[in-house]
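Notes follow the structure.
Note that the chains are named A, B, C and D in the order they appear, and that numbering of residues resets to 1 at the start of each chain.
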Amino acid sequence: MEEKAVLVVGGGISGIQASLDLASRGYKVYLVEKSPSIGGRMAQLDKTFPTMDCSMCILAPKMIDCSHHPNVQLLTYSEVKGVKGSAGNFVVTVLRKPRFVDETKCTGCGICADHCPVEVPNEFDEQLGMRKAIYMPFPQAVPRAMTVDKVNCIECGLCQKMCQAGAVDLKQQPQEVELDVGAIILSIGFDLFDPSQIPTYGYGRYRNVITALELERLLCASGPTGGHLIRPSDGRIPRKIAFVQCVGSRDRRLGTTYCSSICCKYSVKDAVLIKEHEPNTTVSIFYIDLRAFGKGFQVFVNRAKSEYGVRFIRSSPGEIMENPLTKDLTVWYEDTVAGRIENVTFDLVVLCPALLPRTDARELAKVFGIEVDDYGFFKASNVLTNPVDTTVSGIFACGYCLGPKTGDIPDSIMQGSATAARVAEVLERV
Amino acid sequence: MKYAFFLGCLIPARELSYEVSVRKVLPELGVELVDMKGANCCAPFSIQSVDHASWMALAARNLCLAEEMGLDIMTLCNDCYESLLMVNNILKRNPALRDQVNQILSEVGKEYKGKIDVKNLVDVLSGDVGVDKVKGAIKEPISGLRVGTQPGCHLTKPKRIHFEVLRGFNELDALVQATGVESVPYERKEMCCGGPLRDINDDLARQVSREKLIALKNAEVQAVVTVCPFCFLQLDLGQLEVKRHFNEEYNLPVIHFIELLRMGMGMKLDDWEVKAHRIPITELLKDRL
Amino acid sequence: MGEIANTPRGKGILLCIQCGRCSSSCPVARLTGEHNPRRLMEMVILGFKKEVLPTQLPWYCLSCFTCLDRCPQGGDVGEVMFAIRNLAVKQGNTPAGVAAQAKSLYETTRVINPVRTALDRRESLGLSKITTEGLEEVQKILRRTGMEKIVKST
Amino acid sequence: MGEEPRIGVFICHCGVNIGGVVNVPEVVKYVKTLPNVAHSEDNIYTCSEAGLASIKEAIKKHSLNKVIVASCTPRTHEPLFRSACREAGLNHYLFEMANIREQCSWVHAHQPERATKKARDIVRMAVARARWLNPQEEPELEIKDTALVIGGGIAGMTTALTLADQGFKVYLVEKEPQLGGNLLRLHKLYPTMQDTIEILEPTIKAVSQNKNIETLTSTTVSEVKGYVGNFKVALAKNEEKREIEVGTIIVACGAMNYTPPKGLYQYGVYSNIVTQLEMDELLRNGKIEKPPERVVMIQCVGARKGEIRALDLAGFPKSDTARLLAKILKAKKEEGWPYCSKICCMNAIKNSILIKERFPQTDVIILYGDVRVYKEYEDFYSMARENQVKFVKHIEEVTPEIIQGPEGKLTVTAYDALSGREMTLPCDWVVLSTPLIPHKEEVILARMLKIPISPDGFLMEAHLKLRPVDTQMDGIFLAGVSSGPKDVPESIISAKAAAARAATLMANKKMRTEALTSVVDEEQCIGCGLCEEICTYGAHYLEEAKSHTIAALCRGCGACAAECPRRAITMQHFTDEQVLAQVKAALMEEP
């Protein structure tokens, strides 16, 4: 019964939640994901606040549930190209990009990658780690299949020779599939602001100025440094670390006037993680307003102050300067509560960039015929009463692609389930 | 290339060498300068501090004169430049303010129409004349000289009214390099010379200049090249004051960019012009003088 | 705050979220604790007139406009400074240097005038004469804007 | 014990989480020496598809009849490995998990040798227990496709409608005489400034018109019996009692606005000191006729208390600091709630804008600690500033002093941290922003439903991160502010989420439950009833002097088994043999 099928675009945590809710309710779900594996942003995180669960450890089971569920069909490394029809019966065209590996045959043993001669930076590790031209973005990837990155592949054919399963197929062609679905859920997530647009912070020029997501990868046990927090310039363990909030957020000049809603919270979490990694490291957080709203956060912040001795300074630094020899970073800031202008030297500065709409969000919006808001996030049909409905009936959205409506992971999950409910409402009426 | 030449107050009064050099150099590069008869002071920050409407009107009056001449304005002084540029920008975009200003101007039978642009010496040379042509005009390249350039705040800030962040930097440096001189990067190049606080808070003005001088010294430059006559004054005369108050020797000769260009083009400085530098340049440029 | 916010150059003050980027970027504030643009904004917002207008506070700014490029809200601190100064001047708080330039402008159309030797040199070099052409117009304008009063009163 | 045990042990590196500390290969080698171990191997990630594949493969290849995975916590991963066993045709109760990460590698990160030894011990214990494991059958339950929604606020109504629209029958219970909850007291909603009624009325109408919803106002829940899919709920409307049977329960009991005790910030002492909610009402009813000269709002009254704040008075003139410090020292600990109530900043801004709209000349000042206008509410904050509302970050350690001035005016004294100045603010109104707090009845309800309460006093989720609307009780879900402060859209989202979770259960009509339950040996049972007494889940009942277990209710805590004087109660899958074998193995000296 085609009208009982649903399309979910984006395999992050909210997309996964929506898919699982709908699938266990008996709907057929097509989960389309642009990258080679589902998992999304949550997969990139080290630990999650406040339970301090290892992010991957609580996510992986859900990812695998998705791949095992009889009602879920994963279409990874795929993109939606066109949509026809309306609520109850959409016809969606999905482009399956060639991954040059047969998912059904590949066991993900990785022998091919061991022999691949081409090394390139791994996007999943925010370019901090390396991967081969034939690769799996991360060990727990779902589906567990390799992908050939043809941009960097030199066509030496070694992987093909090495693969016992005969899964590598460098001739594989792109493929278009048509799906009949009754409803559509968009959960394409967010991109990050490029801090180099604020030259005075030196991101891209100073090696020891990194983004918070890069830090997550550095802290992560399965990350490029095996969980050892070292600074990029010289591999030394940083003893003085600064976090800078609102890099691109709350910024009228850049047009991102909103608060990204999660930076204060994850910074406090990261600060505590760092303290647990290296107790005698000092961590300072530069903030404008410390936005520790949401369940359990305020108490956690209090603990970060009293138990872990994290320093909170109400200030948005004006400038960061690098010492060309030591690569240490001098941060000029005003402690606005004390009214004192100071400069302190740090080993590592972590910028918390604004969360932005996906670069292809507007494009995608056109494909689905839905509206976007002033920032380019998908527009809710009514911010108060229909927060997960887009402007087209039968098409819903969840997660950060709706804009900073979500505080964090639980909000994304709630939205995922909420869209599942809306879909059911629509389809049960049909 | 023809411009309404806005001299301002400081240069004709205190830095004649600047004026003379400009009048010598630019025609050589095919730039015709027409003096603005009856122009008034640009209305610099000091005047802006006193009264907003007066600033607008006085600047607008100058703009009107140029409109009557049918020429874009070329300024030398950063203060003049920013003042006229800002007012021109505001009045072009903001009809309400434009009406207000025109009401005031009606008193003197003038009307601002927004028909001309405001440019600065650096714009003209790097934009209209072109670095290559400038380079071509250099007969005796000045080699083996390391300088730090001081474009001055109002050639570069605020971003929104100048084309890009370091515009003044890149273009001025390109021009300076064209004369054969090496322009060395130094810390806080964007920083102000301290001049604007002269006569308001001399002590602070000095301290700011000192910061600048220290940064320049650290970069081991032999001289400072300025565009703005205020920067020149503050770093040249100011250096003596810094010396007096902090008894610190910097001995950094300060040179008008245009003088550099003039020398490169083989036109020597007169004796009085050389003497006009309070930090002697003779040592540094002996073979030029 | 209203008095400032309602002037063309003072609007920015309404956008200020007191983040401190201006103060930590300000070359003067880095040198002396007396000057703190962020704090000055706060005092103006909260209407601490007595503590601001008659004092030195409005007169530390270099107008180097570094803050204009750094303020995330486009609060234009350096611009607001002029709105504050205009108000201070109205209350008779005008530094001697500024007053002198204003006076000179009113009397000669220019804020700085050449000394004798300079005039002589101009002549010997055959440079254009420094005249007060346009003075009448300038004075008319300043009369209309009310600056004439200010000049005469200081 | 049936056939000879053939145990397979899979030891996980978990990347470097375990492998970076514990010498995994060595443990594998050691395990192979243990009796009944037929196969052992290590995996980089046993939870990865490859890992699971190799488990299935080994079960067949080595005809294993017991499987052990030594890795992380069963809480997240046991279901995964169990299903792997099932897929390989092995009853999943023949699976045992040994936690050598949380309980070993993570806590002994700096002592690899000893950690490795401990890992050996833990696995050895698991093996000992595994020998005694038996297959179990999971009882299948019918799930009634009827839901009970407790609370008729916006969240409760939304849940009810969402379920009803999907064809489920819903009982909507509200203790007040009318539907609407907290929103009934609200005038306008931020950030759209919509009239609350525009949202409330259509919703209430939709509820009353929906034939799948039975609305029961002035009604409370007096007792909850039964279990997921089959709850028996006693409702009380004054005297009249009624019992209904439902498959799922959604708790949307809401929260209430904290009213400060008389005297806190002079509340209740002067009539022109009110809470934001009261101000909202005053504005709605046009109770404020003459334009106030100034209104002062104070944030976090009764919220974020007991928090440590960095205090630096350097910004203040020397003359003030001494006095300030003295005040701080004698400032008595203010009563209140530890958390940030999330919505107060926006509420204050909303009211300040409403005041400015009505009385443009009025000076509105908001004393805050942090302006927490998250999401796009930042724009709402800007809007307020552009309306010349003034925001003052005051030194919160010093409770603003409020004294009465001439003709009923008030004077607030506070300290502006950002200008380092004392502010004396004559004003006509003082508005206190107070947090949302849990209802008193919530505790009773929670006990009735057997769901725990989080430290902040709100109902607790099954997992704060991953299961935000589930509870630890199957079939019971949380919607709206019952689990913590939320604004309207967030409440609606959580309501729909809860509906989705409940619908999923009910749509399947059936579910399987854990076999980990207590079984009574009727021969041994003397019907003393101790088990019935001790059981917190009401899983035991006496019939004909014998105790019986309701499997679906039993959480397998084992309290009854421990209590039973006759050892008549066995915990399935946690038998004495199994546990004792584990203990012995733990105490045994390594060969």
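Methods note: contacts are C-beta pairs under 8 Å (C-beta built on N, C-alpha and C of every residue); 3 or more make two chains touch, one makes a residue touch a chain.
Computed from a predicted model, the values in this text were never measured in an experiment.
Enquirer: Based on Cα centres, what is the most central chain?
Expert: Nearest to the common C-alpha centre lies chain A.
Enquirer: Weigh A-C against C-D on C-beta contact pairs and write down the one with more.
Expert: Comparing A-C with C-D, the pair joined by more C-beta contacts is A-C.
Enquirer: Taking each chain's centre as the mean position of its Cα atoms, how many Å separate chain A from chain C?
Expert: 49
Enquirer: How many angstrom lie between the CA centroids of chain C and chain D, rounded to a whole number?
Expert: Centre-to-centre distance between chain C and chain D: 58 Å.
Enquirer: Just how far, in Å, is the C-alpha centre of chain D from the one of chain B?
Expert: The mean C-alpha positions of chain B and chain D differ by 66 Å.
Enquirer: Quick one: chain B and chain C, Cα centre-to-centre, how many Å?
Expert: Centre-to-centre distance between chain B and chain C: 20 Å.
Enquirer: Find every residue in chain D that makes contact with two or more other chains and list them.
Expert: Counting only residues that touch two or more other chains, chain D contributes 315, 371, 382, 393, 418-420.
Enquirer: Hey, what residues on chain C touch two or more of the other chains?
Expert: If we look for residues of chain C contacting two or more partner chains, we find 15, 17-18, 38-39.
Enquirer: Among the residues of chain B, which ones contact at least 2 other chains?
Expert: 165
Enquirer: Can you check the complex and tell me which residues of chain D touch chain A?
Expert: By the definition above, chain D touches chain A via 14-17, 20, 44-45, 47-50, 52-53, 72, 76-77, 79-80, 83, 162, 165-167, 189, 191-192, 194, 199, 304, 306-308, 310, 312-315, 338-340, 342, 370-379, 382, 393, 417-420, 454-456, 458, 461, 463-469, 483-484, 488-490, 492-494, 496-501, 503-504, 507-508.
Enquirer: Can you name the residues of chain A that touch chain C in the complex?
Expert: Touching chain C from chain A are residues 200, 246, 250-254, 288-289, 314-319, 332-336, 339-341.
Enquirer: Would you mind writing out the residues of chain A in touch with chain D in their complex?
Expert: 21, 24-26, 48, 50-51, 53-54, 57-58, 60-62, 64, 67-68, 107-109, 139-140, 142-144, 221-222, 226-227, 250, 257-259, 261, 289-299, 301-302, 305-306, 311-314, 335-340, 383-385, 387-388, 403-405, 407, 409-411, 413-418, 420-422, 424-425, 428-429
Enquirer: Using the touch rule from the top, collect the residues of chain C that touch chain B in their complex.
Expert: 7-9, 27-28, 31-32, 35, 56, 59-66, 68-69, 78, 82-83, 85-86, 89, 94-98, 100-102, 105, 109-115, 118, 121-122, 125, 127-128, 130-131, 133-134, 137-138, 140-142, 144-147, 150
Enquirer: Where on chain D is chain C touching in the complex?
Expert: Those residues of chain D that touch chain C are 315, 371, 382, 385-386, 388, 390, 392-393, 416, 418-421, 423.
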